[in-house]
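Each of the next two complexes has chain A plus one more chain, namely chain B in the first and chain C in the second.
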Partner chain A sequence: MEIVCVLIVVFSGLSGVFIASRYRERKAFFASLYNFLNYIKSNISFYKTRLEILIDNYDCETKFKNFLISVKNNLSSKVKNILPSYLTNQEKDEFVKFVSSLQNFDVSETIRSIDFYLSLVKNKVNQTGEEAKIKIPLIEKLTLGAGLIVAIILI
Partner chain B sequence: MEILSERILSAIENNYNFSNVYEIRLRRDSPVVINYAGRNRFLINNNNQVIASIEDINFTLNVATKNSLYAYSDQIKSGFITIENGIRIGIAGECVTGEDGVVKTIKNVTSLAIRIPHEIDNCAHTALAFILNGGIKSTLIVAPPGAGKTTFLRDIARHIADKTPYNVTIADERMEIASVSGGVATLSVGKTSDIISKTTKDYAFSYGIRSLAPDVLICDELASEKDALSALKCKRSGVKIIATIHGASLDSLKNESWSNFLIKEKCFERIIVLSNKSGPGTYEAIYDENLNLIY
Partner chain C sequence: MGIEIILKIAGIGILTAVISQILNHNGKSEIAMVATLAGLVMVLAMVVSMIGDLFSSIKAIFSL
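Our next item is the complex of A and B:
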């Protein structure tokens, strides 16, 4: 019985971490995207480097790099299909619109488009930072607490 | 030829030898035309003419610009883009002009003229004997469109860079001579050529002469008074120049004031006239600076 209670507490704790990971991933994603946008803005305005080369040469952590590579490989088809599930539909649409602008505009319009999207992403960085600060500990505590209550009841 | 849609690419591959395809023309809702071994013909597959759709045209443009139109916007304003391996895609559509009247871009593209360069070693073999006779002679290569001027020029550059001690600087304004991509020439122009890409001849000549101290400057398509003045500046600074110009004959150059000016100023010690009569690169005549026929 004690073992079952321990397992319930561990399971509830891990569930909390798993549920809260969505907020961690969103925060990390928008922070990485913000840095990437700044990188491409300076490269495009100065060198007019093609997007695929920018992606190939960009140095970042593996998860975001893999995401960029799959965007690069899906530019001709449906970028929306490869976007992470923790993004809202609106966020996905904004990303798709932005990528489309890179494919279809001249340099000055492209820079304007990057600036606009940068401001959106900057807001998301702040928003997801706040979300993570509040919701992650709350979720983890709630799920752990629920597990403890169940364990106590069982005991 | 990944820039072609699968339908058109397979039609060409099934029926023709790609090494003899010099040009492919896609026109919206019209039969595809290819220039095969110097002759234009409709693309036929399974006894049917292959018709180009707007999807084929858009596919080619997207792949050619690698989904980064901004990287090619300067070229598009001039009505063409040049991609790897020197493939030049001429664009026809609606020009979009700004308030200053300058063309900003082309939209609603309806036609593409895809020119495929071929490297032909020693195609300029005969001409080189006249160009390198007692040092390098400044040379003007005159030919109509599609007669192989650029292929010829590239062979000259390659030969001079690889087999002589002369410093060669190439002003590759339209990226068709060396077609540099990612810092590497995708077309062979010799191991000791210095390449200045994607800028005007005026800038390339000034910067090239000042910084690279060439013995010979090589460029494609003198097309205006400004280009003519750049060529003359080059000559006056003691640097030899080898260039091409559109024209059917020596007489056709005399009809244009700026090209006639170049001839009168004896800017070039050799004038080589080519045609398409027996295929691209057919020699018609070679003249010296006094317009005496020497070949």
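Our next item is the complex of A and C:
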């Protein structure tokens, strides 16, 4: 019975970490996207570099880099399918709209489009930061507390 | 049961708190949570039988 109780606490604690990782990933994604948008904005305005080359040269964490490469490879097809599952449908639609605008407009329109999307992403960075600050400790403590209560009942 | 168990729990608590603080300050809150959980599980493994005994004693005292 002791081992079962310990396993319940371990399982509940780890499940809390797993559930909360969604909020961590959202926060990290929007922060990386914000940095990337600033990078492409300055490079497109000053050097008029192509998006594919910008993605190849951009230096960031591996996960986001892989995401950018998959976006680059799917520019012509459906981008929505490769977007992470922790994004809402509205966020996915905004991203798809933004990516399609990059391919269709000239430089000045592209800059305007990036500026608009940058303001949206900045709001999302603040929003996900607040969300992570409140919800991550709450979820972790709640699941661990639930596991401890079940373990005490079983003892 | 002696003072040793209390000292052990206190030691694990202090160690876990230090590790957790260091990891949190380095932005690795996820690993900090896992470290805290590991400390909790270690302490729980030590005291779970004692808690069982405590509940049995309470039942015996109140004839439940």
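We take it that the second predicted complex is superposed on the first by the 155 of 155 C-alpha atoms of A that agree within 3 Å, B and C clash if a C-alpha of one lies under 4 Å from a C-alpha of the other, contacts with A are read in each partner's own complex, and residues count from 1 in each chain.
In this section, a contact is a pair of C-beta atoms (placed from the backbone, for glycine too) under 8 Å apart; a residue touches a chain by one contact, two chains touch by 3 or more.
This is a predicted model, so every value here is computed, not measured.
Q: By the touch definition at the top of the document, which applies to A:Val79: first (chain B), second (chain C), both, or neither?
A: Once the two structures are laid over each other on A, A:Val79 reaches no partner at all.
Q: So in the superposed three-chain picture, is A:Ile40 touching just chain B, just chain C, both, or none of them (first/second/both/neither)?
A: It touches nothing on chain B or chain C.
Q: Touching A:Glu140, do we find chain B (first), chain C (second), both, or neither?
A: second
Q: In the superposed arrangement, does A:Val6 touch chain B (first), chain C (second), both or neither?
A: second
Q: Of the two partner chains, chain B (first) and chain C (second), which one does A:Leu68 touch, if any: first, second, both, or neither?
A: Once the two structures are laid over each other on A, A:Leu68 reaches no partner at all.
Q: With the two structures laid over each other on chain A, which partner does A:Val121 touch: chain B (first), chain C (second), both, or neither?
A: So A:Val121 meets neither chain B nor chain C here.
Q: Per the contact definition, I'd like the list of chain A residues that touch chain C in the complex.
A: Chain A residues touching chain C: 1-2, 5-6, 9-10, 13-14, 16-17, 20-21, 24, 136, 140, 144, 151-152, 155.
Q: Over in the complex, which chain B residues touch chain A? Could you list them?
A: 62-63, 65-71, 73-74, 76, 104-105, 182
Q: Residues of chain C touching chain A in their complex?
A: Per the stated touch rule, the residues are 29-30, 33-34, 37, 40-41, 44-45, 48-49, 51-52, 55.
Q: Using the touch rule from the top, collect the residues of chain A that touch chain B in their complex.
A: 44, 48-53, 75-76, 102-107, 109-110
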